[in-house]
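Each chain carries a letter (A, B and C) given by its place in the written order, and its residues are counted from 1.
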Amino acid sequence: MARGREWIGFAVFAVLLTAFPLVAPESIVDIGVYALIYGIAALGLSLLMGLAGQVNLGQAAFFAIGAYTQGMLVTRYGVALPVAAVVAVAFAMLAALLVGLPLLRLRGHYLALATLGLGIIVTVAATESDYLGATSGIYGIAKPEFGGRRYDSAAEFFWLLAPVMFLAVLFARNVVAGRIGRALGAINDSEVAAECLGADTFRLRLQVFVLSAGYGGLAGVAYVHWIGVVNPNAANFPLSVEFLLMAVLGGLGSVWGAVIGAVAVEFLDEGLRDVIPRLIPHASGEVQLIGFGVALTAVVLFVPGGLYDLWRRAVTRLRRRSATPAAPSGSTVDTTDETPVLSRPDRPAPGTTLLSVEGLVRHFGGVTALDGVSFDVRAGEIFGLIGPNGAGKTTCFNIVSGVLAPSGGSVRLRGTRIDGRKPHVSARARATRTFQNLQIFGSTTVRGNVAVGRHLRGRAGLLRAALVLPARAEERAIARSVDEILALVGIADAADRPAADLSFGRQRLVEIARALALEPDLLLLDEPMAGLSGGERADLARLLRRLRAGGMAIVLVEHDVEAVLALADRVAVLDDGVLIALGRPDEVRHDPAVVAAYLGLDEDDEVDETADDPVVRAAVRELDGG
Amino acid sequence: MAGIRALGAAAAVAALLVATAGCAEKDTGGGTDESGPIAVGAILDITGAGASLGVPERKTLELLTKKLNDAGGINGRKLELTVEDNQSTEDGAAKAMNQMVSKKVDLVIGASRTGTSLAMRAIAETNELPMLSMAANVKVVDGAKWVFKTAQNDSAVLANVVDYAKSKGWKTIGLARDSSAFGEGVAETLNSLGKADGISVVATEKFAPDATEFTAQMVNLRNAKADANLIWGIPPAAALAQKTYKQLGITAPVMQSHGIGNQVFLDTAGPAADGLIAPVGRLVVADQLPANDPQKSVLTTFVNNYKAAYNETPSTFAGHAWDAFQLAVDAFKAVGTDKQKVRDHLEQVKGFVGITGVFTMTPQDHSGLGKEALVLVTVSGSKWQLAPA
Amino acid sequence: MTDLGQLLLAGLSVGGVYALVAMGFAAIYAVSGVLNLTQGEFAALAGLVAISASGNGFPLPLAALLGIVTVVVLALAIQRLIIAPVRRMTTLLSIILTLGVSTALKATMLLIWGPEGRGLDPLPGNDFTAAGVAVRSQYLWILGVSVVVAVAVSWFYERTLAGKALRACAEQPVAARLAGISVARASLVSFGIAGLLGGIAGVLASPVYFSAWDSGLALGLKGFVAATLGGLTSIRGAFMGGLVLGVVESLVAGYIDTGLRDAVAFVVLIVVLVARPDGVLRRQVAARV
């Protein structure tokens, strides 16, 4: 983590904030105040858009809620400013919670437009409410007064707001760099993989949504004490667009970007208002929206990472890249080590049933993919699931891992039903999986990928992110575990490389390491051997044996029948959605139904080793292991 | 792709340059010294919802400034007018007001409407800067020391409505009002003014200031079957509402507010406007006033000057701006630019003949106009006419 | 009863305008998954151009045509210059992009035409009263044209080979390309259709509902709500959604509270999105794996 460099950034920021009102003329400081106020709201929005990948076109609604609440409490109920501020921000967050619960289940663009509607509903509600002052709103809100001093000049207000902004940025940065930010980044890369590693997508997104609204509300509090007036216009759509522009211009998800974006937009606003009337006489006011619109479009088209991204690229280009060590092609693991690994004292004794699948049925429209499949998997065994194409292995696998809901039947993990529930529920019960179509988190390094696997082993939430120290200790522990697992799987040398840069086979290993980081009792592997070289397959097989020896249960879906039969303790064979065989590998190998299934013959057809057809002979030989 | 990135970087730099243009130190002129130009700031709703008010106000202020300076200014000092657009938003108004304060202007004229004026009021009071607003709602000056207004209070306008209703024997009034600050409190004021004569509001409908669909409101008014109906808004909404009113065949007499006193209303409403009654400032019927009306000559001069400069008749909003300007000039001529003295002078104005009416201010009344400031007009053949008594 | 009739008629008329705008949304989304937030601005611009043309002496039909053509050209330009160059377009991205364009467009309209709203001269016809309901001839024009247009466009999308080819692009762009359909051209055509629909909406709405630099926002949002009611990909659904929304708005304003009118569309939107994300008027689609 670039913590060291970051402290410099924060120090510079603090200096800038302090020095700005001293060196800038008053009218500029005035603009600076607006940059701070709106910047806080834009920061929240950038967090939401960057971390949760959701667009909120109604950030102004939470801004207005914060402003109105503060205005009401301070003028009508005489509440002290700091107390009212806490209540106002809490109110905005509560509103976001209520709104987010139903809305965050929507697909991205629907959420964007629903939040847009929210802004308009808040405007209309405020206009219609006499309690809230209807169209005049609330006015006469005094400037802040602490210790006998009134903060009513631009410079004073700026200094008052500066520490608030500083803390807001610090907090946001901690959230992004910490456990929550990591999980959300993973969700953005591959929601299904993150879920299977225990990330409760909905809950995490809701948390960020509520946090983002809190920032909006805080900005509203600052606004109302500066302008002294709040009315329904505070929730208007153009303001939400302005926040969006700030977040996008600065760089989505980038905390510093939001600050830069806010400053840039406010000064752009002033500049345009100055320049345009000089170019076009009698054009004034909202005409600067041309600039906003062009800026928004241009940034999205040409510089999607925003200004912060430009800055980072420039910095990276200037800094010489440290030489990356030549990556050895093979693994660095002792190829003869068969000792048990990753055992856990709390793990159920070998032989205990961990997974119990009963009467699993799944329809897709008119097609029945699974028709009454039942089996169980015990601790300390490797269980193979094979069958010809279209047998339903993947469907079965997806249902067991929680990615798909069954049409009937049940799946139980240690007695608890998990069918139809989201994958993170299984992950909490210590069951996780890898994917046939790799679901690598492409935006981070190998280390970052595996760290997501530790999500459930950590507890740092949003509050701990604010208090840096407890989260720091946990992060160090996580880093240690990650290193251990990387060494175990044999990819420690690639730890700091972007995961997307690795070869296919090594990416497979990253996924496995990631899954192991969860410390599962049940590991589901979907075609883990595909794409691996002979040596890599041998290494993986050995790893699986060691894991079994440590008491883990492993379910293996594979096309490489030979590998499965060699590795597994028991094998289930699916054909056409039905379980046609279940037993030890040697039993299954010779089962005529299995042979017939693979060859596409009817059960009654004779299968003869001496058959005329060379294909048949080869197939039979293959199944015999000869 | 590198080309695009370079383009993006270049655009970013260009934008930065534009932004720094905005950082250019704004000129600070005027101030409390007694020589040099007098700095007057004007913060108007030029774009946005208040555009139909702000634009004529700006025109008037610019015209009057030119005339004043051409004639030698005030005691040899020129008047420097700075016009800012608040975009009809509260933070636009507050921002502009703060800038006026840092520019150290001697007086501020603005804003055009209630919401924006309220945003400016606190800053005027804190910084002890005389402010002349052109907004309608009395909230703008209620309890204020440094803020005055030149537009009639709603109560003055509604008193005329009540008087007319009383003279016609109407007891029930249906109201369709603008949902912005302009229309707020109308029903309550009407009820309290009419109580003594048994006149009350039996239905209240609201419409957004930019609404174009009025079927629902007019249908409800039709059903309320009031003796007369009052539409309270500004054009184009008020005009479109008038059209719908007639289209639905409502036969009850219809009144309008003082907000319609301009050509835009007549143009938009067309023949549907015929027959309405509205209390407005004398400006729109200046030529029909008797010769002994105290305002007649001031009105006629203003109308002629405005027409000569802009080729159109001035609206009542232009009149409010005229009043604000001339009140300020009157104060400057009498006491110079010391803010406290200007404020005190304004508070003591008596019998000042303006466009909107004849002003008499008191410490309790910073509006200075009563119901006599308005006359009842009707529309006939798409022209304003003094209403028959 | 006449009240109900009056409110229904007013609702159907404004609903017809919503329907045209909504169909424009669906026309584009059904082909490329792009949500074009400039749809409302198309209507506003067409109205303003027609008003200027008419004010400069052009006869009404020609002025209207000029307005529509201007907007179609603009729509094609937007697709070519803004949408097409983006390689990995997501719906979310298209929202932000078109939001930027619509903001710039709005401000340009403000620059050229100023802040006041204006109305185009009404189309020929006499107002009359039937069964106590005042009927403006313009209402009938709006309804009539929108029905004809809806039939024509949905016939195009659903019955002609070209239309089906367009729809194939959204569902399976790679397969469509393999089948020889130019996805880029399909997107262009869909924008042209959307521009046509928006332009017609603007020209029809202008005499009654006025055109102003910012009238596109409300119109665009409500058109989007209407399109969502219909499932976003269905032309017919968008048409019905528009009419339903207009009527509901009118009835709520008339019978409940006129102040709530503008909130109706968004309450409806949120309710629909939460309850039936695939649209109220759409048949249930079998879940895909």
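To be clear about the criterion, contacts are C-beta pairs under 8 Å (C-beta built on N, C-alpha and C of every residue); 3 or more make two chains touch, one makes a residue touch a chain.
Given the structure is predicted, the values throughout are model-derived calculations rather than measurements.
For the interfaces A-C and B-C, the C-beta contact count is higher for A-C. Centrality by Cα centroid goes to chain C.
If you average the CA atoms of chain A and of chain B, the two centres end up 54 Å from each other. With centres defined as mean CA coordinates, chain C is found 37 Å away from chain B.
Listed for chain B are residues 47-48, 179, each touching two or more other chains.
Residues of chain A in contact with two or more other chains: 127, 286-287, 295, 298.
Among all residues of chain C, those that touch two or more other chains are 110, 257, 259, 262. The touching residues of chain C, when paired with chain B in their complex, are 3, 6-7, 9-10, 14, 110, 114-117, 119, 127, 129, 134, 136, 208-210, 212, 214-215, 250, 253-254, 257-259, 261-262.
Within the complex, the chain A residues that touch chain B are 25-28, 30-31, 34, 127, 134-137, 139-141, 143, 152, 154, 223, 226-231, 233-234, 264, 267-275, 284-287, 291, 295, 298-299, 302-303, 307, 310, 313.
Taken together, the chain C residues at the contact with chain A in this complex read 35, 82, 85-86, 90-93, 95-97, 99-108, 110-111, 217, 221, 224-225, 228, 257, 259-260, 262-263, 265-267, 269-270, 273-274, 277, 286-287, 289. The residues of chain B lying in touch with chain A in their complex are 4-5, 7-9, 11-12, 15-16, 18-26, 46-48, 85-87, 89-92, 94-95, 98-99, 102, 114-115, 118-119, 121-123, 126, 137, 139, 179-181, 184. Residues of chain B touching chain C in their complex: 47-48, 51-52, 55, 179, 205-208, 210, 212-213, 215-217, 219-220, 222-223, 236, 240, 247-249, 264, 268.
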